[in-house]
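What follows are several structures.
Below, chain A partners chain B and then partners chain C, in two separate complexes.
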Partner chain A sequence: MIRPLSRPRRKNPLLRTRQPLLPPGGRSRAALGLTAAAALGRFELQACAECNAVQYPPREVCHRCLSGTLRWRPQSGLGELLSETLVQASHDPYFRERLPWRLGLVRLDVGPTLVVHLHGGCAPAPSRVRVGARLDKSGQGVLLAFPLEEVPNMADDPELHEMTCDPRFRKALVTDSRTPLGQAMVRALIDAGADLVWAAHAEPWKQAPGFADLLALPQVAPVPLDVTESRSVKEAAAEIGGKVDILINTAEVHRAHGIASRSGIESARAEMDVNYFGLLRLAQEFGPVMRARGADGVASATAWVNILSIYALANFPPHGTFSASKAAALSLSQCLRAEMRPGGIRVINAFPGPIDDEWNQTLPPPKLAPAALAKAVIQALKDGIEDVYPGDVAEEWLARYRESPKTLERELSP
Partner chain B sequence: MAKTRARAGRRKAAERAGGQAVRRKTRHGGARRLREAVVTAPITVPYVRYSIRNAHFFVGRALAALLEQSRLDKSDIDGLSVGSFTLSPDTAIGLTQHLGVTVRWLDHVPLGGACGIVALRRARRAVEAGDAEVVACIGADTNHVDSFRQSLASFSVFARDAVFPYGSGGPNASFAFLTSHYMRSFGATREDFAKICIAQRENALSYPHALFKKRLTLEEYLSARPIADPIRLFDCVMPCAGAEGFLVMTRERARSLGLPFARVRATCERHNAFPEDPIQMRGGWVLDRERLYGEAGVEPRDIDFVETYDDYPVMSLIQLEDLGFCVKGEGPEFVRRHTFTTDGSFPLNTSGGQLSVGQAGCAAGFLGLVEAIRQLTGQNLARAVPEARIGLAVGFGMITYDRGLCSGAAVLGRADA
Partner chain C sequence: MSDDAPKAAQRMAAPASSLASLAADLASGAVRVIDLSQTLSPRFPQIVLPPEFGQCWPFRIEEISRYDERGAAWYWNNFSCGEHTGTHFDAPIHWVSGRDLPRNATDTLPVEHLIGPACVIDCSREAARDPDFLLTAEHIRRFEAEHGRIPPRAWVLMRTDWSKRTDPAAYQNYDATGQHTPGPALDAVRFLIEERDVIGFGTESIGTDAGQGYHLKPPYPCHYYMHGAGRYGLQCLANLDLLPPQGAIIFCAPLKIENGSGSPIRALALVPHGGSNHG
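For the complex of A and B:
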């Protein structure tokens, strides 16, 4: 039986905010493969390239045949819960604050025995379970055993909830809510149970279609915010920064130009000003205060989402300057991720292919509907993953990029 | 006592077996002199819960105690074996300069609960082979206020990657898995474990170095603070600082020095036994007990007392099963049949074991062995086991991931046994 999450009581502003702590985050290089897969929402273990033996804990050589070639392979995670315990005393400050903590010992069907975090819905040992990988608050991959069947209030298990960024009962800021994507994002957050969504808009005098309807929703509050103006960002952060649990940066300028198709750098500068410097301004004002609220109760600050582009991985010359601005933002997001980690704040990057909007008018389908992108972002929050590649185009580019970045570069050249 | 005559018979049989072992060695060793290594000079550097001293202090004081007890000079020690977790960045070699000893045989055995057995095993071979005359074997560790938490974090790569991030219960959580599984599989109850803990506390009341000096009641045991279900406070050992040690030398040397000694009838060690077992319900003793008892010329029923590696009471049951005192799964029944007090039907951990004395890191791997030597040489500090001739000391240790990897055991005999 999982107790459903209940709406947190209004915070008493006189009480001290609990400081964020992290579970132990040290890992060997071999073990970081678990983290790399978990960041994408996958559960992978090393398998020997020669004898196929599945390994755990992660190793440098195969425990059976001593081969030096171990590859990370997706796993079903099916296995038997052999034993369990409820930890009621811990030396670690993070766990001490969260006791009791249920742990299990699982024998995977493919061989190894795993120490796992144990979801409250799992039947007592011995029982069948499915092990998955998640990122914990330290941002490192850990194993969590789930019941085979969905149980009521599955997502509300306290151990799982620590590893996800569920929008329920949380307050979110969408940094540009006028665009079709921004509006879809606001609605998706409300559907996911967000308490309050700040719908930011840069130019209040401009009427964007649909925006008035959005503001009529009871959970939505408008907030003026122009990410190209440092003062505007500072003012917004001063007003709401201490309450934002999830920040979704949808602010974007997108012009369909390469280098020679345009003279001068004005449109490229506008792209950088929003797509790169906008992120930097937001991160400087909102980042530190969010990071300080990483353990502020069940509705603590939890995630920062950047809507990047699959073009951040490899330049798409017809949209060359846009691609470059997104590549810059990707690089900065990695810096942001490192700086947010001490607060346990997850930085999620979405890498969509072309969105079905006016700036991709000339591109053929498939194009990603704004609502589909919003849905993928919500799912990423619920799963607590770091990188999401929504849509067929993004997945294909990713597959090509993984196989050979150089080949993809040539393929993208007209 | 009717038992005495049977014992005398078995003793003769054992001597024959032991004698054969030594003769066989000479045959293979060609012209080498017949040497039998024995253990002597059991010492303890008194335990403290926390110390501001480093491990070097405890090793050094242990060596001083060995010299004092044996009346040897430092220059007589030509072999050194050290087990310690908290020497870092030093190992045994750094200690030679630190302690000002010059040796021709040196061993570093950081094997936790197995380091005493392994140290003895290797030192004995060294002395019998003539590589050393007198080996000082020392297990020592310090314990600063935060050193236990830190040692959990850096204990092993597997622990750092796959245990420490999971609640940091350290060994408590690992043994909670084993205890829970054992209880479910074999019907052991909390009362069974209580009986062992309470009996050992009873034994500890007469042992001056025990950190726990108060009698333990069933009620106190059952209602103690929960640690990791089903483990509660009195199932756990208390980390502390201290040292244990002994000397290994030839029988002739011990005689000439007038030192009471015990004979090493047989030893065994095994590492990473049964890696395919999904969960640890047995250790390497299962593979080695036949050879161990054969070499010692004894059977389990000849053994007068046992010193298990009792880091958690479930491990004592597993060791008693694996070493042939009862069959696998009958541990609970065995517990219900015996008293485990020194004056009772199956003297177990006669100084109180780690559960009552404390766990001074690697010294815990020496604790049972040192107590066995004391009992067999009439130097007992705790109450004496009546007519003790044969003692068994068990080693177990190094949970680098989900199970203890090292297992070992030593059968010791009185000088005349």
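For the complex of A and C:
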């Protein structure tokens, strides 16, 4: 029985805001494979290429045959809960504040026995469970055992809630809410239970179809914000930064140019100014205050989402300058992720393939609908994953990229 | 001092006396200085072209240091903007019709063109009624009947009170068919050039042409004919309501940008005290 999350009471302004703490974050290089998979929402364990043994914890060699040829393989996670422990005391500052904490011992059907965080919906041992990997507050992969069947208030389990960025009861900022994607993002946040969504908009004289209707929604508040202007970003952060729990950076300039198809650098500079420097300006102003609120109750600051592009991984020459600006943003987001980690704030990057918008008008389908991208971002928040590749195109290109970056480069530039 | 100095002083004697009287008038307040410029601010709107075209930068400003670790005892900024941002000057080279004229750019144009008499035609009532108001040659003739003929080599400024629209959306005044701001009609532009030999034309809105000027024949007639005839444009002017219909002198020097098409300016006007008889 999991108690449903209830809307947090208004914050008592006389009480000190609790400072963020992190669970232990040290990992061996081998163990980071678990984190890398969890960042994509996958549960993978090392499997020996010689004898097929699956092992945990991760090591440099196979525990059975000592082969060094180990591959990370996706796992179903099915297994048997052997026993459980309800931790009532801990010397670790992070867990001390979150006691009691349920731990379990699970023997996977594929062999290894694991110590796992235990979801409140799991029946007492012995019982069947499914182990999954999640990122914890320190951004490291950890194991969590779930019940096989959905239980009521599944997402509200306190241990799971620590590892996700559920928009419910939270306040979100969408940094450009005028575009079809921005509008879809605002609506998706509301559908996911966000209490308040700030719909940011620049250049008030430009009317965007649908924006007035968006502002009529009771959960939506407009906020002027131009990511190309430092003072505008500073003012918006001063005004609402202390209340933003989820920031979704949808601000983007996209022009369909390579190097030779457009003379001069002005359109490329406009892309960099929004896609790269815009992110930097937002991160400098909103980052510190969000980081300070990483443990501010059940509706703490929790996530920063960047809408990047699959072209951040490999350049698509017809949109070559756009690709470069997204690659720059990807690199900066990794810096942001490192700097937000002490606050337990998750930085999520979305890598969509072509979005079905005006700047991809001449590209053939399949193209990702803005609403589908918004939905994928919400799911990433709920799952607490770091890198989301929404849609078939993005997934396929990711697979190719992981197999061989050079292959993807050549395929995108025939 | 060179040997030529006394002779030079002698040659300057007559103008020196009028400048001396100007200095006295400025000191006494008999001549007032009016600021015709909007403040350069990131919030001031800039011209918008369809997104596939190149765009003029809006005004942007970034701190270099402010008595801090980036520079302990000093405050300063870097700013960026286009040649046509804020209150600005258009040189003939700005338009394709003026591209081959001599001395058509901000660094080569004759500086004596940058100080001159201004006639201010009050269209504020018409613009309030109709944002697409076009100033015609007929309107100009009526102005002359009341206030006297426009002298040769004068600036003609179109007062619309558009600069009083402090809300950027109202200032831009876009709808689904584009921008709606007042400007001159084709016959007014040709009249001013061919029959009055003006030095340039100025407005309070973004562009010397009307917001819907693209649909006139030819498109943007003020840009096309003024710059084609080597004349200048001033845009985003303010405080035209403080100028008399005749009798002001304006200063509107652009930055000396090499081969520049224009520049933001600090436009100033000299007016006789109590000289404004508008409104």
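By our rule, the second predicted complex is superposed on the first by the 413 of 414 C-alpha atoms of A that agree within 3 Å, B and C clash if a C-alpha of one lies under 4 Å from a C-alpha of the other, contacts with A are read in each partner's own complex, and residues count from 1 in each chain.
The working rule: contacts are C-beta pairs under 8 Å (C-beta built on N, C-alpha and C of every residue); 3 or more make two chains touch, one makes a residue touch a chain.
Just so it is clear, the model here is predicted, and its values are computed rather than measured.
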Query: After superposition on the shared chain, which partner residues are touched by A:Thr85: those of chain B (first), chain C (second), both, or neither?
result: first
- request: Answer with first, second, both or neither: which of chain B and chain C does A:Ser267 touch in the superposed model?
  value: second
- prompt: If you stack the two complexes on chain A, which partner ends up touching A:Asp226: first (chain B), second (chain C), both, or neither?
  reply: second
Query: Once the shared chain is lined up, is A:Gln207 touching chain B (first), chain C (second), both, or neither of them?
result: second
Field: Dominant toucher of chain A (residue count), chain B or chain C
entry: B
Query: Which of the residues in chain B come into contact with chain A in the complex?
result: 148-149, 152-153, 157-158, 160-170, 172-174, 176-178, 180-181, 184, 225-231, 275, 278-279, 401-402
Message: Quick check on the complex: what are the chain A residues that touch chain B?
response: 23-28, 30-31, 56-58, 63, 80, 82-92, 95, 101, 103, 105, 107, 113-117, 125-126, 136, 138, 140, 142
Field: Touching residues (chain side chain A, partner chain C) in the complex
entry: 203-207, 226, 228-232, 264, 266-267, 270
Complex contact set, residues of chain C against chain A: 42, 45, 48, 54-55, 58, 60-63, 168-169, 171-176
